Amino acid sequence: MSEGREQILAGIRRALKRGRLDAARETALRERVAAHRRNLVPARATALDDAGRIDLFVAMAEEVQATVARVASPAAVPEEVARYLAAENLPADLVLAPDPSLDDFPWDARPLLRIRRGRAEAGDAVSLTPCFAAIGETGTLMLVSGPGTPKTLNFLPDTHMVVVNIRQVVATYEDGWDRLRSAGAMPRAVNFITGPSRTGDIEQRIELGAHGPRRLHIILVDDRQKAGDGEDE
Amino acid sequence: MLATSSTFEANARAGLANPILQRALALMQSGFPERRRLAVERLPEFEALRDIGKSIKDHTLKHLDFYLELFEANVIASGGQVHWASTADEARAAVLQICRSVDAKVVTKGKSMIAEEIGLNGYLEQNGITPVETDLGEYIIQLRHEPPSHLIAPAIHLMKEQVADTFRAQHRSLDPARSLAEARQLCDEARAVLRPQFLAADVGITGANFLVAETGSSIIVTNEGNGDLTQTLPRVHIVMTSLEKLVPTLEDAATLLRLLARSATGQEFSAYTTMSTGPRRAGDLDGPEQYHVVLLDNGRSALLGGEFQDMLRCIRCSACMNHCPVYAAVGGHAYGWVYSGPMGAVLTPSLIGIAEAGHLPNASTFCGRCESVCPVKIPLPKMMRYWRERQFAEKLNPPVYRAALSLWAWMARRPILYHAIVELFSRALGWAGRDRARFRTLPLANGWTAVRDMPAPEGRSFHSLWSEQQKDRTGK
Amino acid sequence: MRVALFVTCLVDLFRPTVGFAAVRLLEAAGCTVEVPRAQTCCGQPAYNSGDRANAKAIAQQVLDIFEGYDHVVAPSGSCAGMLRVHYPELFANDPAVLPGAQRLAARSWELVSFLVDICGMRAVAAHWDRKVTYHDACSGLRELGVKDQPRRLLGSVAGLTLKELPGAETCCGFGGAFCVKYPDISDKMVSDKEAEIVKTRAAAVLAGDLGCLLNIAGKLHRHGRRIEVRHVAEVLAGMTEEAPPIGVPR
């Protein structure tokens, strides 16, 4: 293995007609990486105020066949879940991410919802997860894996519901990276999800639900009217 | 993968004569280019991002050894392993060794052109391991024992009737009376058939659109979700990738990601853009226990510092082939190997040799459309010309052609003789064609007149007429 | 302005009318036009075939012949592109010759873009009662940015209506040696072009490169079509009465 490594590195240096970079150059490159400066960022989302950014996120998400329901408070989330499942003619069984951010919703108010907490298994039809951030520029959800957010919830079930608080809506992917870096070590997986699963592999015709979820339902908690609600996701 | 690039002419003829392929190519032509155009129109910064994307790649390539070492250190720090493979053999061996170490029987695969390049599927099968393609297009061609015909839509050469026929022939346990008339039904069937495979797999192999040195991460850009199921469910995740996929930081990746989906399918962003870093963490409820990156060279490092370095900027978007009139005429299989269209015409000779792939850089009019849509501004026609220079230097062109070219160049450097001959030909051909002003056949010009008439010259050369006119002007 | 006409080998052999149209237009724009006698070819056939040595030798000849003019103008995007874009590339590693190549490149132009962009021409005096369509030759379009200029001048031709050609920017399949090296593929490309032209119901198709025009005309005529094929310069110079269309007898 290390023989291949030395061969490849030597081959690269030979082709570039130099030896290993000197210490000064390597330091400069490390600094470039550590600084991780943003390149040009499109103005599409950054030029907007908070409200505009949220509206952009919703519009872009709906454009790619995600559905978005705005609710006025976290307390309304279980009600929206029940409503959506009934409207889509889906059984009231769902698997919830075991993440603490979902603990405090009043699930007890919806006793007909059969909820399991954990990762997704083969037979699960519906999942509900939180997200890490929501990217306005393309209506993209940013989800990260962790003990409370197993990745299988995002891909195995046919229907994936995501709870987004408006405070999680950021303008750009770079904003998402910044939040991720502040949150600590890199997770195993970061999923940028833009609409439900799809394929165009047959005659260029877009069909939803190739292998991942056929339905992506975003529950946007917009509790801007509530003063003093300091809960951060 | 075994190459048939040397029989490009016959391959192309077969493609031209294939009515199903022609229908499929017409669909492609009416789809991708327009969608890309709309996506580009919608992002005012697109052109500026092309320049930035180009410079990110150029910077990385110039310091590739540094960034590879940084990438490796970060993969290891996050609990993963890196296997450096100089050759296809070494890459295959590395994958086999990993599979054997967990007694793997079934391996699911997300789309990986590197895996195609090294013929991984056949090798695994020979060694008693079953590879299962999960990208819908790749799955279809795996069933049909065909190679991919496009960089991102491997089954683009097929119409839905053929897919239906294949599914009927291969999914024998399903009800023969079922309808497979619609794409929807075909997708649903593939989803149902492949789901148990995802769950049963011991090892999942994905490619990588980008590798991020800053974090030791690999990024895949998909729409189906198969790549994610492939890399999450099995115990082992192997990333099959090559040296030049590296970018320095997450911000650099974001810039290139803005270019990729728009250039490929005209999407703002793909449905699933996934970054994976190492195996599952303590406390994770799912995810692989092992994370391996197989880094393939296979001739790429040799391109650095030379005429073809720019080709290493390629982010595998497929814009070039989507806009290429030659690809649109003959389809991807004509190119005879993994990579087709303009990027294939440049990359293939550098990976399998110009003797085998000689036709590819020649089957181009240099119309330049590929370069105009390349998100990282690779000068594709120029590099095809470099290949032609190498062929010329090695005398790989047909002798008749070289002779004609030499004669032309010899004459062009002798103006008096040149003008006399041109006048002679214009008079002779002008006279021969005086009645119809065109020829249905012309000796030595069969390549032309087989399919079109040759307009006759006007009968005098411009220079002879101009001289006469000048003489008249000054003479009178 | 003292302008040298770069005739191009195809114009010289097949259709001098185009050369005379170019002269007429340049003189109408106020230029003095000379035609250096010793010119032959721009060297593109050798260059595109990978014969760099011969391409350089021919190019060197061109540099010598066209020294000293204010501008060098060719009724062809591919030949003008050769001078303007590729000569500096050819001599990039030749410090003795490169400055001369760069000087020539800076002074070299495709005809119609020269008239509009450098001479400031906005209208022509010609008239031609036709519905025409226009094919954008690849080199002119992508190497030299020739797109709006011919449309602008055609718009000033009395009696002429322009119907845009779907796929106007798609290659016609000529590509120099390509059309005889890969005739099947070339045939497909020119057939597609023919189909688009026919669908416009235009009476004529124009372009700025004779290679494309010979290719397109040859295909149209093989199928017995009566669509006229002309170089855009002939139309702009008002020479449509003086010379029959390409491939049509007097």
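We just call them A, B and C in the order they show up, numbering each chain from 1.
Here is the rule we use: contacts are C-beta pairs under 8 Å (C-beta built on N, C-alpha and C of every residue); 3 or more make two chains touch, one makes a residue touch a chain.
Because the structure is predicted, anything quoted here is derived from the model rather than measured.
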{"item": "Label of the chain whose CA centroid is most distant from the centroid of chain C", "value": "A"}
{"item": "Core chain by centroid distance, with centroids computed from Cα atoms only", "value": "B"}
{"item": "Top-ranked pair of chains - ranking by C-beta pairs in contact", "value": "A-B"}
{"item": "Centre-to-centre distance between chain C and chain B (centres being mean Cα positions), rounded to whole Å", "value": "32"}
{"item": "Euclidean distance of C-alpha centroids - chain A vs chain C, Å", "value": "53"}
{"item": "Contact set on chain B toward chain C in their complex", "value": "9, 12-13, 16, 325-326, 329-330, 362-369, 371-372, 382, 385, 387-393, 397, 401, 405-406, 408-409, 411-413, 415, 418-419, 422, 425-426, 434-438, 440, 445, 447-448, 450-458, 460-463, 465-467"}
{"item": "List of chain A residues in touch with chain B within their complex", "value": "1-2, 4-5, 7-9, 11-13, 15-17, 20-21, 25-26, 29-30, 32-33, 36-40, 42-44, 60, 63-64, 98, 118-120, 122, 137-140, 145-147, 150-152, 154-156, 172-174, 177, 186-205, 207, 209-213"}
{"item": "Residues on chain B engaged by chain A in the complex (per definition of touch)", "value": "24, 27-28, 31-32, 43-45, 48-49, 52, 56, 62-70, 72, 78, 82-86, 90, 94, 134-137, 140, 153-156, 158-160, 163, 183-184, 186-188, 190-191, 194-195, 198-199, 213-215, 217, 223-226, 228-229, 231-233, 243, 248-252, 254-255, 257-258, 265, 267-281, 283-287, 295, 297, 301-306"}
{"item": "Chain B-facing residues of chain C, complex", "value": "7, 9, 11-17, 19-20, 35, 37-41, 43, 45-52, 54, 57-58, 61, 89, 138-139, 142-143, 169-171, 173-190, 192, 214-215, 217-219, 221-222, 243-244, 246-250"}
